[in-house]
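Shared between the two complexes below is subunit A, which has subunit B as its partner in the first and subunit C in the second.
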Partner chain A sequence: MRSNSNQYGVLAEFANPADLMDAASAVNKAGYKHFDTYSPFPIHGMDDAMGLKESKLGWIVLIHGIIGLLGGIALQVWSMDIAYPLHISGKPYLNFPAFVPVGFAIVILLSAFGAFFGLFALNKLPRLHNPLFNSDRIAKATDDGFFICIEATDPVYSEEKSTAFLKEAGAIHTEIIPK
Partner chain B sequence: MSMDHHHTTLSDRLTFPEDNKIATGFFAAGILGVVLSLIGLFVNTEQFFYSYLTSFTFIASLVLGALFFVMIQHVTRSSWSVVIRRIPETISFQLLWLGLLFVPILFGMEFLYEWTRPERIATDELTQYKQPYLNIPFFVIRNVIYFTVWGFLGYKLYKNSVAMDLSDDPALDKKQRVLSAPGILLFAFTVAFASFDWLMSMDSHWFSTMFGVYYFAMSFQSILAVVIIIVLYLFRKGLLTKTINNAHIHDLGALLFGFTVFYAYIAFSQFLLIYYANIPEETLWYYYRFEGSWIILAYLFLIGRFVLPFVLLLGKKAKTNYKLLMGVSIWIVILQFLEMFWIVMPILHKGAISFHWLDITLLLAFFGISSGLFFRHFGKHSMIPKNDPLLAESLNKH
Partner chain C sequence: MSQNTAIVPNNQLVKGNHDFASITKLISDIPQERTPLWWYIAFGISNIVMAVMLAMIAWLIWEGVGVWGLNNPVGWAWDITNFVWWVGIGHAGTLISAILFLFRQGWRTAINRFAESMTIFAVMCAGLFPAIHVGRIWAIYWIFPLPNSMQLWPNFNSPLLWDVFAVFTYLIVSTLFWYVGLIPDLATMRDKVKGTISRLLYGTFALGWTGGNRQWQNYEKSYMILAGLSTPLVLSVHTIVSFDFAVSIIPGWHTTIFPPYFVAGAVFSGFAMVLSLMIITRKLYKLEDIMTVDHIEKMNIIILVTGTIVGFAYAIEFFIAWYGGVEYEKFAFVNRAFGPYAWAYWIMITCNVVSPQFFWVKKFRRNVALTFILSIVINIGMWFERFVIVVTSLAQDFLPSSWGYFSPTYVDVLTYIGTFGLFFTFFLLFLRFLPMVAISEVKGVLPQANPAYYRSNNGKSKTTE
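The block that comes next holds the complex of A and B.
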């Protein structure tokens, strides 16, 4: 077996979204883990067909939100009660109802940071070049092309077998993408 | 995974089974409630009217929430909600006779509304100042307007929808949007002023410009819970299980979650503004509702109506967990009744929570008859708008 070290993976094009979905399902069932699909628009049910797990993003946002809540309350307790206690219209220093808007705002701020930067990190951004752009056909993925790319890093990957497998799954064109 | 994205046809039975006795059961409970409450009217007249207003505003909030739900779906031309739309449509059809249920309140105004009492008008300067708005004839006229507007919208939206079951006329679909767009505008004003009249004017010195949206926030959160309860009840009876799918349930759950936050935001904002400004004439409303054991209910709403549903419904899987959704929804509807109780009752029973058996019998009367009417009507037509142009899209929802 030849070394795949100079390859990014095998790219296969399919005729329509339904074929792509069937192929993604077949690739998933064949045990491939490192593969992705590319289409001009989101295809409902693709996550299940590819066997993707739930995104971790929700947990990242939740943790940021909790930190924001605790931090926001702590900031106000410290500043309003400990560091600089100030009488405001006869209300107690520890004035929790008044802490809610600031606490809420910091929850939103940190959650938004968590969502934005979390998404950035999960998508491995910033990424200046994607080897997929070595293919001329991939540009069709923004117009009328439906693609699967099985990556060479996948333990089950083999240039010949994976290519043959994708052809059998209905690919109308396949090519090897160099790194 | 198989190609489940191809099914577009209806394979369920579309009519509510005739041998289902739930409507009869509700009617029986309702009539029992009416009889017991009528006894209560003579035993304790003042308590009767306070309990009556509590249950009336509770049922009205659900029925009005349903009307808004239907109109917003038409205005936005949403496809997702088509398969569940007949449920809120049937509920808001009841607006046709909701006005009749308001009539008894007119006979109890001297108990409920201090601004109608002559001795109060004679001695209280602020009540005199508010006379041009807070007087009985204008109160009646306003309520006639509210119920006419709501009755018309609820009736028309329902009738057009069931007419569409039998005809392919696309003009009917357009009519729904033409009705709904101005309908939402009218709804906003009428519901806000109705809540001022029915509930806010009980403390005639008190005012909160947020009170209308507060009533709306409660009502919309509750109606989402009611729709979820009805859908899950149908599922339990094996109905529409292939028509309404988990994606619809998930969206209802997400809306319930979202409007739980909206409710908390509005209810808390109203409190915070008044608490922070600390102006005596504004704080008095909360003073009575936090006095003594009434504060327990206030904390119950904070924890039970916001924190608990927020945490429970936060996860994605929770929104399609039927048992959890059913539990949270029933809980929210119970709290909606208790919040009406908390708004109305501290005027009569100052300083301590006090339940009267009339609270239960009148709730039974209103809830029994309203639910009975719902299921009776629901059985008369298809359970979904089967000719809606967006039905196929709705069935295909993922």
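The block that comes next holds the complex of A and C.
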């Protein structure tokens, strides 16, 4: 374990999405937890192969939407009926049908903020530095490369065994990424 | 297998023999190439036109809205016409990026980035007009629910205020959606560009994206939720724009058909605008492999459908004007078609109802030159539709003694033309500096992106055997 302290992990490149998926499945079954697959586009079925749980983003958006709904109603009720009730062409102060469009817009706006900022919060972005970029090959992950990285923080990780395991799984190239 | 069955292959979304790397190269090379001469010329012209717009707006603010051709019965004219027209154009971008995404239309990937950018810039042009038409622009902040020294609040009973919320929400949500889609492609640019400064800039805006599946998982969820939010939003925005008219009691405006009719018209004109821009761009940047004739044909079908809805709405309006039995309403419609603005009405009918009929024929749908001409004709027609709705109803309302006629001044005309300068200034910057096609999404619809492509019958990947 001492020898791993200056390592970020082992990076393995695979030839295509299918190989990557098979390897991800094998890595998951071998008991690794701190690993990720890198690809230029989302691969259908990869979440299951890696054994990932459902994204929590939906709940974040729901909470934002509810805040938007309550806030939108509160804003209109408070300003039209409490703060400064104003008689406008015989309409009631609490004119709920007229409050629907603005209330709706605020729900959408807040939910969109939830989806946008929630995405970054869950992905821990923006991030100024990532040891992963110490590798020269990882730049291909945004072009046409398919990678798995098993991180050194994983309890099952060992430099030799993990590298051999990924080679076994069909990697066309492996390297150790320094921290 | 018997002779009367055959496998119908799926139509290839990307033409030519492209793999992942060649798609990356095709798109990411464009911002890295030397800036072409035509770009400088186009950008220069756009800047001058935009400067004219700014001068006209300065003059308007200095002198007051009287510099426009507005008069007593016609208090809304080109300003609101232009506003509705530009917002409508924006709607096609959201339709392509959100609604076609929810319907799993893979072909949208070639044009969604492009159309979303068009949406943002079109909504910017649109928002300008209501902002400057208020007269006292220094008091524009009164439209927001901000605490002020008079303790007054905006009137939430008013469709004009609903419009403020709808358009602002639309602009913000469209921009967020656009940016989320851009992040993986900005990361591609970061990894491709050579210069230190450009690498730093793309890298900053890519926010450290790695392409890890744990990121993709949340990304896909976020993208789907944003698409799901944008879909009702885009329908509501033009619905609320139509409420600006429909909630009033002016004959010709006070009709319940307005929301669906306006939304269909918006999609109609927006698709035409996407086509106009796309046909030029695919030629200039040689993107015919990605933006194929199949795309043009599919968009022409949508134009035909929405154009028919618009034509049907014109007919229904007339029918209801007669069937409703309200004299003023009847007059408003007969007056539209045969009164002092009959010229505008018949331009509208020719452009919007007659011209899309060409697209019943497959040969015409796949004809690039004809599509380009008709896309411009349709946008002229849709401008006139808004002009007819806004101006004819106001010019001749209940009391003949107050009837009038609207003629635009040079300020009206130059402000409108100037918004094209604004639009194209931003659009050209987008074409120059950002990946104009969603690289990661196009890769995702290639057959090679599906793991099943590599597997033989026993379920193992071909290369690992």
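Convention: the second predicted complex is superposed on the first by the 176 of 179 C-alpha atoms of A that agree within 3 Å, B and C clash if a C-alpha of one lies under 4 Å from a C-alpha of the other, contacts with A are read in each partner's own complex, and residues count from 1 in each chain.
One rule holds for everything that comes next: contacts are C-beta pairs under 8 Å (C-beta built on N, C-alpha and C of every residue); 3 or more make two chains touch, one makes a residue touch a chain.
Not measured: the values here are computed from a predicted model.
On the shared subunit subunit A, the superposed partners subunit B and subunit C overlap sterically.
With both structures placed on the common chain, the touch criterion links A:139 to subunit C but leaves subunit B unconnected. By the touch criterion stated above, A:45 is placed in contact with subunit B and with subunit C alike. Of the two partner chains, neither subunit B nor subunit C is touched by A:6. With both structures placed on the common chain, the touch criterion links A:109 to subunit C but leaves subunit B unconnected. Residue contacts after overlaying the shared chain place A:153 against neither subunit B nor subunit C.
Legend: residue contacts after superposition of the two complexes on their common chain; A:25 is shown touching subunit B, with no touch to subunit C. For subunit A, the partner touching the most residues, choosing from subunit B and subunit C, is C. Within subunit A, the residues touching subunit B in one complex and subunit C in the other are 18, 21-22, 44-45, 58, 91, 98, 101. Looking at the complex, you find that subunit B touches subunit A at residues 1, 3-5, 268, 271-272, 275-276, 278, 314-316, 398.
For subunit A in complex with subunit B, the residues that touch the partner chain are 18, 21-22, 25, 44-45, 48-49, 54, 58, 62, 89-91, 97-98, 100-101. If you check the complex, the residues on subunit C that touch subunit A are 19-21, 24, 145, 151-157, 159, 161-162, 165-166, 168-169, 172-173, 176-177, 179-180, 184, 187-188, 190-192, 207-222, 225-226, 229, 232-233, 236, 240, 243, 439-441, 443-444, 448-455, 460-464. Of all residues in subunit A, only 15-22, 24, 36-47, 50, 52, 55, 57-58, 61, 75-76, 79-80, 83-84, 86, 88, 91, 95, 98-99, 101-102, 104-106, 108-109, 111-113, 115-116, 118-120, 122-123, 125-130, 132-133, 138-144, 149, 170 touch subunit C in the complex they form.
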